[in-house]
Structures are given as structure tokens and as C-alpha cells.
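Below you'll find a set of structures to go through.
Next, two complexes with subunit A in common: one pairs it with subunit B, the other with subunit C.
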Partner chain A sequence: MKAGIQVVLCRCCTEMPALLDMKKLEAMASAADYVVSTVVVDAVCDGKNLADAVRAAREREADRVVVMACHKKDISPGLTKAYKRAGINEFLIEIANLREEVVLPHRDDPEGAQKKAESKLLATIAKSALLTPLEKSTEEMKTKNVVIIGAGVSGQAAARIASEAGAHTIMLEKSGKSVKAPGIVLPNTKVIGCKGYPGNYTLTIQAGEKIEQLDCAAVVIATGGGWTALRGPLASAVKDSIPLYKLYDQLNASQAPKSPVIIVDTPDPAGKTMKVQDYAWDETLETVIELKKKFPETRVFVVFQEMRAYGLNELAYKTAADLGVKFIRYEKASPPKVDPREPTKLSVKDFAQGEIVSIGIGTLAFASIPANPDNLVVAEALRIPMSPDGGIRRGSIQRGPVSTPRPAMFVCGSAMFPKSRELAAAEGEAAGAMAAAYVKSGKIEFGGSVAQVTQEKCSACLTCVRTCPYEAPFIGTASKAEIKMQLCQGCGICVGICPSKAIELHNHTDEQIAEEARTLLGGGF
Partner chain B sequence: MGERKPRIIGFCCERHGMDSAVLAARSGKLYDASVKLVEVPCAGRVDGMHILKALEDGADAVFVLGCLEKNCYYDTGSIEGRKRVGYVKSMLKEVGLEPERVEMFNAASTNAWAFPEAVSKMVDVVKRVGTMGSGGEGQ
Partner chain C sequence: MTRHILVVGGGPAGLTAAKALVGSGANVVLVERTESLGGMARELTCKGLTECRNCGVCFAIDRANDILHEPEAEVLLLSEVTSIQKEEHGHTARIRTSPRYVTDDCIGCGKCVDACPVEGKAMFPSKGSGQPRIYWIDRDKCLHFKRSKCIKCSEVCPTKAVDYEDRARTVTRKVSAVVYATGIKPIDACETNRLGCGRFKDVISSVDAERILNEKGRLVRPSDGRSPKKVAVVQCVGSRSVKIGVEYCSKFCCKYATKISQLLLDTDPEINLDFYFMDLRTLYEPQDEFKQWAKDKKTVKLIRSMPAQIFLKDDGKLQVRVASETDLDIQENEYDLVMLSVGMKPEGAGSELAKTLGVKTDEMGFAAADIALEDKGVFVIGAVSEPMDIEETATRAIKAAARISHHKEASG
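What follows is the complex of A and B.
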């Protein structure tokens, strides 16, 4: 195969020439194999310079490009667009980061930097010559449905934003409560299974006794916290312990709670530790101030490990203390205890005084939200991993703060971990917007740099099937592994682990990686 | 044989690994110019063969930089990468090379210190155990 490479050297205004010998680099690039055109530009991120480079590529009939500039993520969109218009495949554009890998970190060592830049240039050209053109495929979405699981605070926020953005929302609620939300609301419904791939999921839902199939493009998980599932020795010793929001409801109904004790932290079911709950501080303070204002005579205790009221809420802490709320701080090693034989007394070792205080309990309220037990069912059905705390696990933060490890599935609110109402609503809005943006185009884009199995080499050992986090490989009709392109994310985990070396990742093949490393090492240090 | 500069190859995942290297550069951190980076889509893409081939081609030390294990872009990629590095270490021991020459690191894209720290660790390793072939056959 004959390859014609265009090398674009970016001066990055004055940064590169200040350290590197650009003339030498240019000469090296021109002398390298396959290179048909070498262009030095002031700044490749500048539209005019880019247009010049693209014109030169077209004149010299280059079919692939090596750009020596800065971080790929910064310049890639513009470059890809411009070169695509000139008829160059987007997978044949190789961007090497000369600025952040060579110039900035080695500005004290011009000689070393020059050598490194030279080897980087040669390695990128060598890699570029081995690239193959790839195409992305598109597919129509069957529906533009966004399924929202849970009709709580975050679920309703998600439905509102998603329907405003033009998506068709279907809300599944496990209880029979009536919810006013845009789109369809299905009460008494649970998710029990999921098939398909991002953009064309098919959920199996159980509505009452009936089991039905529901097509959707994206899913928002808003299962919320498990309010009803207060566990741990404290909650089991005191029979009438309630979550904080019930105490707040009592206040709104002007019922005076009997000498309440509020525990801020989450009890661990094993009974050994109490977990600090950061979201609960503000809500606790809000409730106790309300309580003291309505019923000044009531005695209120707040028991906590740490109190960090953020920002202006620090003033609420002071106000609550002025109103006569008693704050008791304890150490993690000695959590508060209730003797089951005498469930009206809470004994806790006060951190400041070092003495054991005994408090009479009228109402025991927990400010924390335990994880929702339903998460287990939902995670199993949608095949999403769970966090050790029993929440739905969030994907890498680079995918977005409301994403799960699976594409086109979003998670918001207390389904991840306990959150305040405001935060849950904000996250719901974010998840709704993300889901709506995903379904907006109505097209699924897949392919490109994905893995492919060479069937003759495959020994059907199932290693890839077990390893892939996205469940893309499967055993096809020929009793050999195949890869579902729509599910493949192009990470290459299966490629590295395949014992028969039957899988290859397009444009990140073993040969290409080894060649790049070899050229880097051969470039002289 | 005269002292030569170490040669170190780093396989960086293009998500958090490369981002932390870029952030380190942008926040003014300096590190040894003997380190050269190969970008891979994920730490899980790195195969034992790549590391061994790099050592064969003249690298004195090889490291793999991936995402934090609980924040990996591809969910289990950096865990898989660590397994393979462990496998290569055991192989190096078998053939009589120092297993410290190969190491796995994790970084978040906001950890500007993680990348220079990894580099300086590898440079120290090469200083301690010597460059490839410097010890002769006896060692």
C-alpha cells in the first residue's frame, strides 16, 4: 500500500522554536519515508493556517496527516472537520503532542528536548504509515423514548428537562402514587431486564402482574434513597425511629415531637461504625431551627461525628446553637448506643468532655438516607455495577457526573449516594438534559476504532466474553467469538487478554504499538 | 562501558493517564527528558508483549499509566492493566531481570503531581538497578 503522509509542524506561536530546532525537524520530516509534504505553520488552531495546510495536502495528494502540535483533545475537532472536507479519512489523522510532552516539561534541557522531539516525529510518522482508513456507521433509533426509573425529586426534574428538550419521556414508578409529570407515567411498574445496545435498548418491565417489553433510546435511573430501610442496631433497638423528613412533615402539620434526638450519621448494618453523612448537615440544621422556632420549649439533641455546615449555613449552625439546640459530638471509635432493655436512653461519649452522657429519647430521627434496596434489582436488570455502599455506580467522571459505566444510561439523585433535595433536583435536570441530547439526533453512531475477531484464530475460550465491561463479545453462530459493534467502546481490553491473539483493535494493533515504541527507542537519547 | 542516559517508555491511557501528563506539563512541572510516551486507548490495551518488546528494543524501564481503578473510563481497564504488569513482573523474575523495571501507576486527570512522581520513581529505579546490559553477565 502506498501511503502519502503530510507532516504539519506547528510553531505554537513562538513556543516551539524557542526550544526546538524547527529547521532540523522539518528536514527530518521531509527525508522520512512516505512523506510527500511538510508544512510549518504558526498555529494550526488558527483557521487560516489550517486552510493552508489542508490545501497543501490536497495539492500533494496526501492521504494521511501527522500533526505535531498540542493536546489532541484541544485541536482534534477542528482539524478533523477541515481534513474530512478535503477527503482525508478522519482515522488517518494522527496528532502528536509536542507542546505538552516535550516543550513544556523539558524547557530546562533543550538538547534532550530536541532529541525527544525528533524521535517523537519519526515514531508518529512510522505509526501513521501503518494506519488503515476506517468508517463509522450510523443506524436509526427505533424510538426517541427516554425511560426514567423512579418518580421522586430527581426523576421528576429529569422528566421535565428531557421533555422540554424534545424527548419523549416514560416514567416508571414502583408505587401507585400519582405523579404530575410530562410524558407518560406508569405506576406500579418495575424494570426486570434489559437487552440491546445504546440507542436501541429494550427493557422488560413488570406492570402489576403483566410483563411487557418497552423500547427506549436512553435510560435515567432515579431510584432515590431507601427511606424505609433504616437499619443498624440503633434503629432496631428504638422501635419508632423515623427518617428526618418525617419529623419535618410532623412540624409542618404542627405536631410537637416529643424530645427528639437526631442522629446525623448513617448506621452501618453490622453495627460497628457510623458513616459520616456530608449532605445531612444542612437539612438537620434547617429542621432543628424550624422545630425550635415553632416549639421553643422542646428539648432537641443532635448527635454527630462531624458538622461542616457549608458557606452561609455556618450561620444556621450558630442560630441553632443560640436557640438552645444541644449538639453532641462523638468519636468514631465510640458510637452512640442504646441498651435494648431500656430503649428510652441513648448513651454517647461526648468528645469534648470525655464523659458518657445519657439522653432520654422521645423520638429518634435519622438524618441520613440508607441506600435503596431496589438498586440491586435495577442494577441487575440494567447490568450496571454497584458501589460498595449499595448505590448505582457512577461511571468515570470524564464521561460526565451523571453517567454510568454504560453509555446512554444516566443516574441521578440519591440512587448514587445520599443527597439533599436541591442537589438531587439539579442532578435530575442534568441527567434529563444528557438523555435528551443523546436521543435528539435520532441516530446511533458506532464503529470506527473498534475490536474485530479473526475467526480462524479464535478458540472460543470465552475470555473476551467474560472480560469485556460492555458485554460486546458473544459466541456467534459459527461457535466463534464475535463483537457487537454497537456495544464496543474501543478500549481494547479484550485484545490484550485474548490468549489466541485472535482479536485486534483497528488502528491500535500490536504491530502499531510495538512499532511506535521501537522507533521512540531507536531515535537516540 | 560508559554511563548512558536511561531509556524509559511509558504507556499512557488516552483518558486520565495522558490528561494527567498534560496537566503536569501545563502546571509547570519538569521531568526527565529520557521518558517517552506511547498513547494507548486504555491501560487494558497494554499487552505483556508490548512491555517485553519495549525492553527487548532497548528500554531500561517501562511503566503503564492508567486511570484510578474506581474511576476508569472503561470501567475495568486499569485493573486489567495492573494484572498484566504483574504477570510481566513475574516473567522478568524468571529470566533474571529486576521486576522493578516494570511498574503500573494510576492517576486522575486532576493529579498534576502523579505523572512527574511516576517518572521520577522509574528514573530512580534505573539509577539503582542500572541500565540494561550495564551489569554484565555476572549480575
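What follows is the complex of A and C.
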């Protein structure tokens, strides 16, 4: 079928005509091959203008559209919807950003801007003529399972909210502790592998010796902080070394701790340390205030590098200082030390005084939450990147809070970086709600502008399989590479790297890109 | 039966909660005091020029766009809840909408502003990146409502969107739960007079800096419109200060100030930047990351000291007097531009509406969120309850929306 293109030139109210000769652009568009309709509108983002353009497209039987307007993100959703209703395939709508790429940067150079706009118009038309219509596919989710890894504060909160919202929750807990949570709880279980794609993941889980497969639609990672082992030089020198939460538990049981020293900013376990210890202050201040209130006679020291009492904690800091808690700040270069021969004395150079002070230690409590060593196993199994200090990396905020770089996988609590109990619980609830909302739709949409392998050209060299960041290519039954459409994000890396030129990205084929480039350069190559 | 939820406040907290509520099948009535959605985020700038810096501003603006296209969400702009009454199940709210005098046909072209003869204009676009992009008329300034019956804006409008007959409306809505998310406002930087804010044009608050960056894409001196070459960033202006009664830390200032600093260096690598701070509390970023970045950039200095006073020199430069970091010497440094990172105060935490709903305020004036209130169907979320950044706000809003969905009273 011969292509029929409609060209929509947006005046963007007054911005475009102020710099560009719209009449000339209109004439050029009308004269170009395949163009059956040219409309100039005041603002294509306006509903009535858009409706006029769509009507013209239908009358002239255009099957594809070139829109010269502004940023794709601003106009695309409404525009796509309107043309789709008129029977035009959404992948045949090309939007060129004339406003931000031509008008704004070339304010002082009308001639140059006009030239750039003209070549942009012709190139977009040339590319548009070669586009092929594409369809998106949908697939049902196999299950409504939401797997929650970790049964701590955040994990339990996630399970509660997700099951209330109608998801089936399955909680994996590495220890054998009994957990009260809705849905299924699998103790002594860890996740060791993951296959599939968002909405239809299959996890490989290990319970003791048994290895099983578990289908799920979404995953919530709530592995928490890595409290288990305190094994650094400070902890090994002092017999009574505990993580801060144990000190808190002692207080709740009304046991008076013996001259406690709390260390913030120096996590002391073997393994990775997490540098962000902001939320350690929440717990530290809560604990010392509680301690001073219950046992006013006890001497309490807090040794730290950077004072980071966020938000309203600033007031708690003041309260603690008024109650007589001693705060000692040290420099990174001279950290606190304990001489193993005299394990009851901690020496630290007080930054404010500039002197080395010696403090008697009874209990040495570590407020900083170390990274959970399990994060490495989980991240490798689920193929999620980690942050440099050993946490699970969170995704861009554009995907929403508590997201990871992988769709339908969420992360909450101290698995990312240390959190206070209260915030960890809040994040757990949010992650549970997001996972449940994802599962609720029950459908996965995929396809469109994705990569495809021409099997005859493929030499099964595995280059694409190794390169793809989304693990979409695999070697199929015919011993040739294939692309799993549900995983393909249309990034085009495999297309560029394939030595046999066997892969093509729909609507970004060599032919289409070359034609666009050729026109941009004036047809001379 | 469909639940109806009242959301008070169209900032990041209210928008995220409204979106999540609509997603769970509820109907939302969103009441916003100003002319557009987005709250504080409207005037903030995207901090990522070369890479995403996770500042969260786009998240808020995207949610504003989502809500406007959501058929299950009724968005009432320029509106206020005038009265609210507790019923056996939920609340009955009366909401008054002020006239905008511009219909939804407005395409935001701005021809009306050019035509407006009033000095200082009577026609305004929505603030910053606020959504929707529809203009509004200030009745107190507009000549049409005075003797002259001016109709200049109506004449030039290409879509005939100006409607002088627009009237205030009052609607009554029965809702099963109320989300209170009135947000924050910046502390006036000029309250700390010694830093020259308000007196010197080139001493700007971080909010001004964000607004300039959002509009122009780069930072310029307000006095002469030139790009500054030497910039000072001063942290903790107005917060952590007993003197002006804001004893708390505003929590996200270090986050935005460090990201603005990075953005400035992205836009112009030749800028010399001095960063004055008390404690560096960069949210979420490993602290050393910013320090490392500053170390790598030869033109950035981190100085743990707070400027005492700022003077204006004859050549228009600003002289900052500050105690040196290591000894007690007094130094004087010259800058083209000084940015004061201001803290935030809760907005509307102690309003009549909040009192009627039973929302209590704490010693610093923030609305205290409590479980007992949630049982009654009133949820306080966002920065009005305690200082928090957009990301945490979004997390807590989604959490609150999930709680509302399974709330006994709210679903009854």
C-alpha cells in the first residue's frame, strides 16, 4: 500500500511563526512525496485543534502522521489516543520536537533556524514513509502471587497491605523464626534464581536441601539490615558489643545498661559498610532519651562523625543534650580506638576540644546499620544492580518510590540503606500497595517497537545474549537467537552490536535511519 | 458502593495519594487552593541535566498531569473547604470555588497577557510547571470589573476562553475519608537580615534560584542578568535557628542544595562554588558521594562554617564575612551571587479546617499525624506532618492511600 502522510505543523501559539516562515514550511510539506494533507494549527495540544487535524487526516485517508511541535512527552498521550480512534496505528505517528530543538536554541539566528526546521521536516517525512504499522500484544498473568523476601518490619507490613488489596502473598524468611503474616510463610527459605519477565516471574527457591520453582507476578525485597555479625576491631576488643536495637530491647525490659557508649558512623561488621547512616540517628536519639529518662544516673556517650539529626530529630538532639547525654564528634582520620589490653577504655580525639579523651566502656553499642550480606545473593538471583555500599539499588523516582530498576520488583526498608523502624514500616506498606496494584490489572502489555532476529543471518555467536541489559535474547529451538518480546525494551543495543547484522529494531531499521540521515544531510551521501 | 475521598492539597502528597486512591477504585475530590496542581514542586527545577539526580520534581508534575486526565478524580482549583461536618459515616464537606474567568478552552498561548493594559498585569499563567496550563484573572486588578469594562484579553483570545460571567460556586460532597496534605511554605530568608536578603538583589533564596533555573535553564544574576562566575551556597538559613523559632532541621535542604550545586556546575563548568554548611545531611546519597564530587571538581569548596554577614561592594559584588573553618580568623570572600538555602514551615497545619477535623499541631507547628485520627477517617500526610522530601512524601502517600482503601469507616 502506498503511504499517505498527514503533516501537522504546530504554531505553538506565537512561538514558531516568530522565528520560522510557516508558509514556506507548509508549502514544502505539501510538495513532498506521499504527503496527502498538510494542516497548520495554533496549538496541537488543544483538543479542538487536534480534532480538526484528525478529521482532515480521515478525509484525506492518511494512514500516518508527522507532527512538528514540541516535546513528545507533553503532547504524545492525547495525540496518540485521538489518532488511534481515527484508525491510525500508534507506531505511525512521528513527533519532531521543533520547539526545543530549533526555536529555543536558535532564537538569535532565524535563517539557521529556518534551514534546520526545513531539513528536519523533510527528514521526518522521509522516515515516516518507510515506517510499518506495529501492534502491541497482551498476556494474562499466570498468578496473583506477590513474593516478599524477608519477614522483618518492612516485609510484614508489605504482606499485610498486599494481601488486604487482594494479592496472594508468599513470604520467604531465611531463618526459622515464626512469623505472623497473612498468606503463606516459608521459613528457612532463600531465593537463588529468577526467570521470566514482569508479571510472570518464576523464582527458584531453596528450602534446606529442596529446590523448587515458584511463580509470581511481583516481588518485594525486604531483606533489612545486616545486624548478624559484629566482627570489626572495636567489637572484637570489647566483650559487651551489641547492635543498638539490643540496647533498646534491654531498656524495654528495664535492665540498666552499664555505662553505655553508642557509636554512630562506624559500622563494625566484617563486610561492606553502608556510608549513609542518617537514619541511625533516629534510633540513637530515641534510645538515649529513653535511657536517660529511665536511668538518669547512667553516663551515656554518643561518638559520631557527622551530626545528622534530620527534621524534627533536631529537637530530640537538644532534649538528649539537656538530659546530659555527652556527644563527641571525631574526624574520619582519627577514629575511636580500643586497646585490646585495656578493653574498658575507648580513646577518641574530640574534634571540638582537639584533645584525645578516654571514656570508660561498659556496653559498646553500634547504631550504624551495616549492609545485609544477603543482599548480594538476592541481587544476583533477581538480577538487580546493587548500590556501591552493598544495598539494593532503588530505581529512578520516575518509576515511583520503592521501585527497583526492574519492573514489578520493589524494595523497601533497610535493604536499600539504613532506615528507622517507622520509615521501614511505611515503605513496606507502600511497596505492598504498589505490588498489589501492579498485580491487580492481571494483564501484561508488551511488543511494539522491539527487536527481531532474522534467523537466516544469525550465526548464534551469543553476542546479543551477553550484551542485552534486559536478558531478552536467547538461543531458541532452531539454535538461532530469538528475542523474548516481553523483556525487550527497544533500546537497540543488540542491533548495533550484532556482527552478522541479523537483528532489527522495528521502525528503527537501517533503511529508515539511513533515509532520515540522508535527507538531513541534503541527500548528498 | 464507590467510596468518595476528599483530598485537601494538590501538592506531591495529595497528588500521589489521589492517584493511588483512584487506582484502587475510589472516587477522589481534590481541593487545591491555588490555580494549578503541583504544590511546591511547581517552582522547582529538574536537577538532572546530564543524568537523572532523583530529585523527584518530575514525579510530582507527572502525577498532576495524571490526575487531570483521570475521570474518577474531580479537581477543584482555586477552591477551599469552607465547612466540614462529621456524619455517622464519614464527613460532609462544603467547597467554595472562586471564579477563574478563563474556561478549559485556554491553550496557554499568553496573548491575553500581552494585551492586558493593567500595570503589573491582571492575567496570570499557572505558576512554574503547574498543571493545567490555564491562565487566570485576578478580579481585584482586572479593569473589566471596574468602571472601564475592558475586554482586551477576550478580544485577542484565539479560543474565546475568557469568560467574565464566571461565578463562584459552592458544592457539597459526602466523603468517607479526608486526606489532609496542605504541605509547606518556604521560610522567608529575609528574616535573617544580616545576610542581606531583600536588600541586595543578588542574594537570592534557594526557591528563587530554583524558579530562575526552571524558567531559564541556567542561573543568572537578578541585578544584571549575567551568568555568575563565583557563587556561594549558604545552608541552614532559617532552619536550625532558635532565634527565629525554627529549631528543627528542614531535612531536604542539603539534598536540593547539593543537587542544585551539581546542576550549576553542569550548566557552566567554570563556576567557582563555595558551599557553606553546618552539618552535611544529604538525604539518600552516600554522604561521601557529594564530598567526593566536590573534591574532583577543582572549583568547588566545602566550608564548614556559617557566614556572619554579607556586604554589597561598589562594583556590585557581594562580600561574605565568615569565620575560617580551621582557626578563628575572619575571612572575607567575594561572590557574584549568594544562594541561601531556606528551610520550610508547615502550611495550614493550624487552620480552622484542621481544627474541625481534629488535627493537632506539635510544638513546632507541624500537624501531628496520629492513629486515633486515622480511625476517624482523617489522614494527615506529606510535609505538613513533618519535614520530608518528595520521595518520602510519595512513599508515605501511597502507604496512606493503601490504609484508606482498607479502612473500616472509609469503606463503610
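What we mean here is this: the second predicted complex is superposed on the first by the 475 of 525 C-alpha atoms of A that agree within 3 Å, B and C clash if a C-alpha of one lies under 4 Å from a C-alpha of the other, contacts with A are read in each partner's own complex, and residues count from 1 in each chain.
One rule holds for everything that comes next: a contact is a pair of C-beta atoms (placed from the backbone, for glycine too) under 8 Å apart; a residue touches a chain by one contact, two chains touch by 3 or more.
Values in this document were obtained by computation on a predicted structure and should not be read as measured data.
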**Study point:** Which superposed partner A:164 touches (first subunit B, second subunit C, both, neither)
**Key:** second
Check your understanding: Given the touch rule stated above, what does A:445 touch, subunit B (first), subunit C (second), both, or neither?
Key -> neither
Exercise for review: Would you check which partner chain A:493 touches, where first means subunit B only, second means subunit C only, and both and neither mean what they say?
Suggested key: first
Review point. Which of the two partners, first being subunit B and second being subunit C, lies in contact with A:339: first, second, both, or neither?
Key: neither
Review point. Looking at the overlay, does A:432 come into contact with subunit B only (first), subunit C only (second), both, or neither?
Key: second
Exercise for review: Based on the superposed arrangement, let me know which partner A:13 touches: subunit B (first), subunit C (second), both, or neither?
Suggested key: second
Check your understanding: After lining up the shared chain so the two structures overlap, which partner does A:402 touch, if you call subunit B first and subunit C second: first, second, both or neither?
Key -> second
Revision key, fill the gap. After superposition on chain A, the subunit A residues reached by both subunit B and subunit C are 396-398
Point to revise | List of subunit A residues in touch with subunit C within their complex | key: 13-14, 42-43, 45-46, 48-49, 77, 161, 164-165, 274-276, 278, 306-315, 318, 387-389, 396-398, 400-402, 417, 423, 426-427, 429-430, 432-434, 436-437
Review point. Considering the complex alone, what residue numbers of subunit B touch subunit A?
Key: 4-5, 7, 9, 11, 14-16, 18-19, 21-22, 24-26, 28-34, 36-38, 40-42, 44-47, 49-50, 53-54, 57-59, 67, 71-77, 80-81, 84, 109, 116
Check your understanding: Quick one: in the complex, what on subunit C touches subunit A?
Key -> 20, 23-24, 52, 54-56, 58-59, 62, 69, 105, 107-111, 158-159, 240, 247-251, 279-281, 283-289, 362-364, 366, 386-388, 390-392, 394-396, 398-399, 401-403, 405-406
Practice item. Would you tell me which residues of subunit A are touching subunit B in their complex? Key: 71-73, 97, 99-102, 104-109, 112-113, 115-116, 119-120, 123, 385, 395-399, 405, 449, 467, 469-470, 489-493, 495-497, 505, 508, 510, 513-514, 516-518, 520-522, 525
